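Before anything else, here is the set of structures, which you'll find just below.
Here come two complexes built around subunit A, the first alongside subunit B, the second alongside subunit C.
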Partner chain A sequence: MSSAIKQARRSNGGARPQAKLRRHEWLAVLRAAARSRRGMIGLGIAGFVVGVAVIGPFVAPYPATEFVTSAFAPPSKDAWLGGDILGRDVLSRTLEGGWLLLIISAAATALGVAFGALAGITAAYYKGWRDGLIMRVVDIILAFPAIVFALLLVSVAGPKLWLVVVAVAATHAPQVARVMRAAALDICEKDFVKASEIIRMPPRKIIRRDILPNLVTPLMVETGLRMTWSIVIIAGLSFIGFGLQPPAPNWGLMLNENRIGLVSNPWSVVVPALLIALLTVGLNTFTDAVARVSIGVERPVGEEPFLEERLIGRTLDSADV
Partner chain B sequence: MSDVRVSIDDLRVVLAKSDVDVVDEISLTVSAGEVVGLVGESGSGKTTVALALLGHARRGLAVADGTVDLEGSDVLQMSAAELQHLRGRRVAYVPQDPSSALNPSLKVGYQLREALKAHENDGLEVPDIAERMEQVLGEVHLAASKEILDSYPHQLSGGQQQRIALAMAFSCRPELIVLDEPTTGLDVATQRHVLDTVRGLCSSYGVAAVYVTHDLAVIAEIADRVAVMYAGRIIELGSTVAVFESPAHPYTDGLLKAIPSPEISHCLVGMEGTPPSPGRRPPGCAFEPRCPHAIAACAEAPPKMVPVNGADHAARCIRAREIIRTSMGVDELARSAECQERASGEPMMVVEGLDGFYADKQILFDVGFSVPETSCVAVVGESGSGKTTLARCLTGMHGHWTGEVSFAGRSIKQLARDRDLEVLRAMQYIFQNPYTSLNPRKTVGQLVEQPLAHFFKLSARERTDRVVATLEAAALSGDFLDRYPDQLSGGERQRVAIARALVVEPKLLVCDEVTSALDVSVQAAVVELLRRLQRERGLSLLFITHNLALVRSIAQEVIVLHEGRVVERGPTDTVLSHPVDDYTIRLLEDVPKLTALTASPVAPSPALLP
Partner chain C sequence: MSTTGDVRLPRAARTKAASSHPILSLVGRRLALGVLTLFLVSVVIFFATQVLPGNAAYAVLGQHATPERVAELEKQLHLDEPVYVQYWDWISGLFQGNLGNSFSNGDPVSELVGPRIANSAVLVLLAGAIGTFIGVGLGMLAARRRDGILDNILSVIALAVTALPEFVVAIGLVMLFASLALHILPGTSFIPPGVSPWANPSLLVLPVATLVIVIVPYIFRMMRGAMIEALESDYVEMAKLKGVSRRRVMLVHALPNSIAPTIQVIGLNLLYLAGGIVVVEYVFAYPGLGAGLVDAVSSRDIPTIQFITLVLAAFYVFMNILTDVVALLASPRRRLPRA
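Moving on, here comes the complex of A and B:
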């Protein structure tokens, strides 16, 4: 028997390699998304902004709170992006003003998604009064616009860092809960969940082992979307003076401080605004790529058979039974 | 019947992007008034061929080569406008699922009229549309009453919907009709009606028909000639009688051995392996890896069609002429050894006076039976008979029932969550659909280990050993431990589901339509596995099915369920050979049988003639 035949024999039972990748399906999806065109663009843009935020503090020419030049001085050799309202270096403040914003956004996102997912899945799995209770609470929170709700919390308890995180997380949780509940409802009706139920497997185990792993993809997409929202809300809170406090720099705050000097030194507003915009656009694009890869609409560049194999599978499975 | 209506010549359909063939070398002719059966398992390409007859290729596919000659014009060369005139008028199509083919928001009368009106400009002359509608509805045994015409599709039963679709297809008096599994999903009685109607209409109007199905028994009833497809090729072609009595291709032979029959009790023989998918087909014969007769030459080049027993019968196998002598046709099968042993012991499960409800509606009425130790009891019924509800009540998934069920001598509670772990362990349930009953995010090892860890306190090492041993008992090797369900075929998935039930050493397995989602060759292998396990491990089985033919091959006792009541019960042989209840008798008559070949074809009834 020639080796070609052996090869064919081996592969003829269907696609069998890649077992290692599948163990962490979400990693595989992320990897595939990162290699798709859309994902590359998104990751590139977001990566650039994150790079600025992370490396920035180490390469900033001046301390962020040092008065370097005059108020709203136009760009010069000493201060490449000119001065801000108090004559501090815009470039240095921009380079230093990102990391805290990012960390806080990430923390708020993680907290919000975790709570929301827990609430959504619980509601979907138990149904009945738990579902009613959770979803009505969700409805009440959703009745407030996100930024108003966060403002409400912060204005009551004062602008503390942890409170900003909690407030932003609280605006995310209900939205995440809704999405996850819808996704989980579908999974909860699957036979493999029933198979665990009829042997009296404890509900917590069922949720952890049977339901959660099947929700990883929507959870990732949701996390990406929420992250962009977090950034926008936290920057927004800083802009109206409730988020991160001066004199420490951050992009949202910079917009607020410098907007009166928009004409004299536009860079002091445009640069932080642009970075926020790029970050959200980049993250959103990447999230979109993740969502598309997971349903097979997008595929890594140069991997033609990927989609096609799924297509064969789909057409043959659905119509040729 | 030598008047050739349509001839397919060397048809090749490929994946549009990569030029990988989905079907290739398809040549077939259909004469006026003839029904040609196109039979194959899932993925064999039979639907692709059927759609090519309408000049259509599904998304992602493209016709690469070949001709479909319909009375002198090549369907594959037609423009979109020409195809529009062709479809419905000259070539009609009956889809598999009428409920999705009929527009749910239009009355069926309107849709039927539309079919006729759409072709008014194509030279279709119907002087009186109302009269024609009445006529075609009469042909499919529906009254052209206001009641029917004014109803929406969802107000009709599945059988009625399919007959509307048939009436629509025949209304323009097409030259060729393509039927794509029109009876899948219908009850046997309705299937019987539809088959008789198709047969009658084809012969009375001289319509050529291509009947696509995976069910060989249906082919035996309806087709004059049959083309068996495997991996995108026609591997055997001949008159139905010739193919069924002396199959020349080992695959056809295997398929025939895998089909259960309600009349004869024989060991089902499954085929191991799965058909290769497009792009993964071996260089030689596509069936070679699974073929018991394979020789070295088989793997070298794709075989050509070889005529056997005259020009009419041909098979794509280089050893066809040798194999035809060793293969068994239906006749031999009938004489094959009885391989059903009798067993009856103490009752393992006793059900008395079970009434089951959904909301306020009573589904089950006073159901009573018992399952003796180490034997298999089959529950047979059509859809809506309450058989699945019964399974759900017994396994504690559905709690709204009254009555007395005792298991291993102890009375059991309504819901699973109120039952002892011991009861839950000893009675295991196997789901109908292995595509949804296995968590796609778990490996086979994890799936089988999960219940084991739940019921027993064992070390990780002991668990692994038992999981491997159980997988082997379910005819899967330890290699499967790290695979995920989507890497498995349907049959392998169902074996994993069986292993998951088996690993906790149950006494009773409740099998709910476990083979209905599988192809026949795989179904046979799964049924054989269950039989073997029953014998070797002293298991009791409660085998729930709508397939009467399967019952002979597995069950010692049978219970017939009709509208929630037990209408007949007893030993399998007695019930199936000498049924007493009217319903059972009718059910048995309606089951399509391979042996129908020997009977004369259905004569067109005079009422059908124009």
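Moving on, here comes the complex of A and C:
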């Protein structure tokens, strides 16, 4: 049995069977996570980077594509972080280069999580052919490493923004579907679902009123992981030249553009690299805190790697075929 | 794919399945499913790259090609034939070793991709082996004193490194060892065609190190968890009580029991490497499948894209099966059919 199921059992266990009482539990979980030490650190780090990305464009000293200094010029009074490969201001490009990355990542995450959750819950509730079909599609997409699948889609129509969003969302959806299916299978057996079925509540309403509210916490953890992963993939795609397109700046692209000038002006590489690293590490740490709070800090040792399994996208339940 | 599979089988099939070895029938079932998945994967690859309207021809000629040129090329590439004929030509060609010619230079895809498969295999196997060794070792070290200083430090580092993108790790390593701080290792790992990657092992160090750093945290955390569980068990208590040395308890009693769940994670990490090589090979200009895919996508070299994605997907699918089977063999409890 996967740890996700066990986890779902614990957090949605029989002690609190009524869906209505749990409506705002996710807020409580978030609040508790933000107050834990781990959560505070994670939120602080990620918040700092988000702040840079959001406020940055308003305070950037130069337009991001203006040639301000010479190529890979070291830091000076005019350009605090020196110049990039074309002599543009590294500071301005850094300040400008975050918001689009964040928006695209958030869009891909939202799309992927929404589709994945829908597919997973549908498979768990209806079972039968729908389950078989959905899980088959999941298997097919999971047979591609995420970045390879994204490249395959992007290779067709070229790197367009919407396509990057769809491609990354498509790599998330199957993973989310697996986790949500596992969690929902458990909820579907609960008495309050059976009760709703007996009074002939339509299936859609059962899913919306009885099942979904009980899955909000695992969904939250999953969203955090997917957001981290979105940033990794989209920045990575930009790094290899198939994500957000130049000349507009973004941190992934800057790393690649400027790495040949690493020795002349290290800041042009170090600063964007650091921002990406802080963002993903901060987000992941906060997500870890949320997961810990939502299943209780004292989780059994065997379940420690719950997050890691998800991050690389396979559950451990495949051995009980 | 849970336990319901066995229950629903008709009686004849059930007795047959019961008579053969449970592991063999399981492997058979997984293999059949794997082949089916791979077939569907090939259809997806084919549709994504070739069938969507106008793709292949426009890909070669560019978006502004004249309709006449496009029609001409479509004829040349057999794009005017029905879809299933095209698919059949492609897939039967694959089985005969005829992978088509690269769009970018006209060489056969097999010549282009073959050496790259070998180069990537070296990376993946080296990183997998070293990463497993380090991850299992560190996991055992941390588990020895749960919540001790070493355990805490290692766990925090693992949590942080888990979320680092490969290209950030790679560039960090280049800064440390190949440009800013030290100059002891080459910052790019280009290997000329026809030369074995073993010819100059120093070229392998940074790409392998990057992949190792990316996978170790996962293996570490799984191993640590499994080891702690094993160390708290009754049989370890028993062994301690009868005076078995600490080292022997760790290596002979606890390790074999905690390795089974870890095998799954090791397998998952090898799978992960199939995607990880894309960015890492690109960073270091290492001539493997990943860098080849990036090249092919930027030059819209469709036959090469098709083949490389198919190879990576096949690796993924069969590695998955192998992992499940090995994990099954390593944990006797799971071998028995469930009640």
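The rule is simple: the second predicted complex is superposed on the first by the 274 of 321 C-alpha atoms of A that agree within 3 Å, B and C clash if a C-alpha of one lies under 4 Å from a C-alpha of the other, contacts with A are read in each partner's own complex, and residues count from 1 in each chain.
Everything that follows uses one rule, which is that contacts are C-beta pairs under 8 Å (C-beta built on N, C-alpha and C of every residue); 3 or more make two chains touch, one makes a residue touch a chain.
The structure displayed is predicted, hence computed values, not measured ones.
Of the two partner chains placed by the overlay, neither subunit B nor subunit C lies in contact with A:103.
In the superposition on chain A, A:276 makes contact with subunit C only, not with subunit B. In the superposed model, A:199 makes contact with subunit B only, not with subunit C. When both complexes are overlaid on chain A, the residue A:248 reaches neither subunit B nor subunit C. Legend: residue contacts after superposition of the two complexes on their common chain; A:190 is shown touching subunit B, with no touch to subunit C. After overlaying the two complexes on the shared chain, residue contacts for A:210 are found with subunit B alone; subunit C is out of touch.
More residues of subunit A lie in contact with C than with the other chain of the pair subunit B and subunit C. Within the superposed three-chain model, A:54 lies out of touch with both subunit B and subunit C [touch as defined at top]. Residues 304-305, 308-309, 311-312, 316, 319-321 of subunit A lie in contact with subunit B in one complex and with subunit C in the other. Taken in their complex, subunit B has these residues touching subunit A: 15, 17-18, 22, 42-48, 58-61, 96, 181, 184, 214, 273-274, 276-284, 289, 296, 299, 395-397, 416-417, 419, 421, 424-425, 429, 431, 433, 436-443, 450-451, 454-455, 482-484, 487-489, 500.
Those residues of subunit C that touch subunit A in the shared complex are 1-3, 5, 26, 29-30, 33, 37-38, 40-41, 44-45, 48-49, 52, 55, 59, 159-160, 162-168, 171-172, 174-175, 179-180, 217-218, 221-222, 224-226, 228-229, 232, 261, 264-265, 268-269, 271-272, 274-276, 278-279, 282, 293-294, 296-298, 300, 302, 305, 309, 312-313, 316-317, 320, 324, 327-328, 331, 334, 338. By the touch criterion given at the top, residues 1-2, 4-5, 8-9, 11-16, 19, 22-23, 25, 190-192, 194-201, 209-210, 213-214, 216, 304-305, 308-309, 311-312, 315-317, 319-321 of subunit A touch subunit B in their complex. Interface of subunit A with subunit C (complex): residues 135-136, 139-140, 142-148, 151-156, 228, 231-232, 235-236, 239-242, 252, 255, 259, 262-263, 266, 269-270, 273, 276-277, 280-281, 283-285, 288, 300-305, 307-309, 311-314, 316, 318-321.
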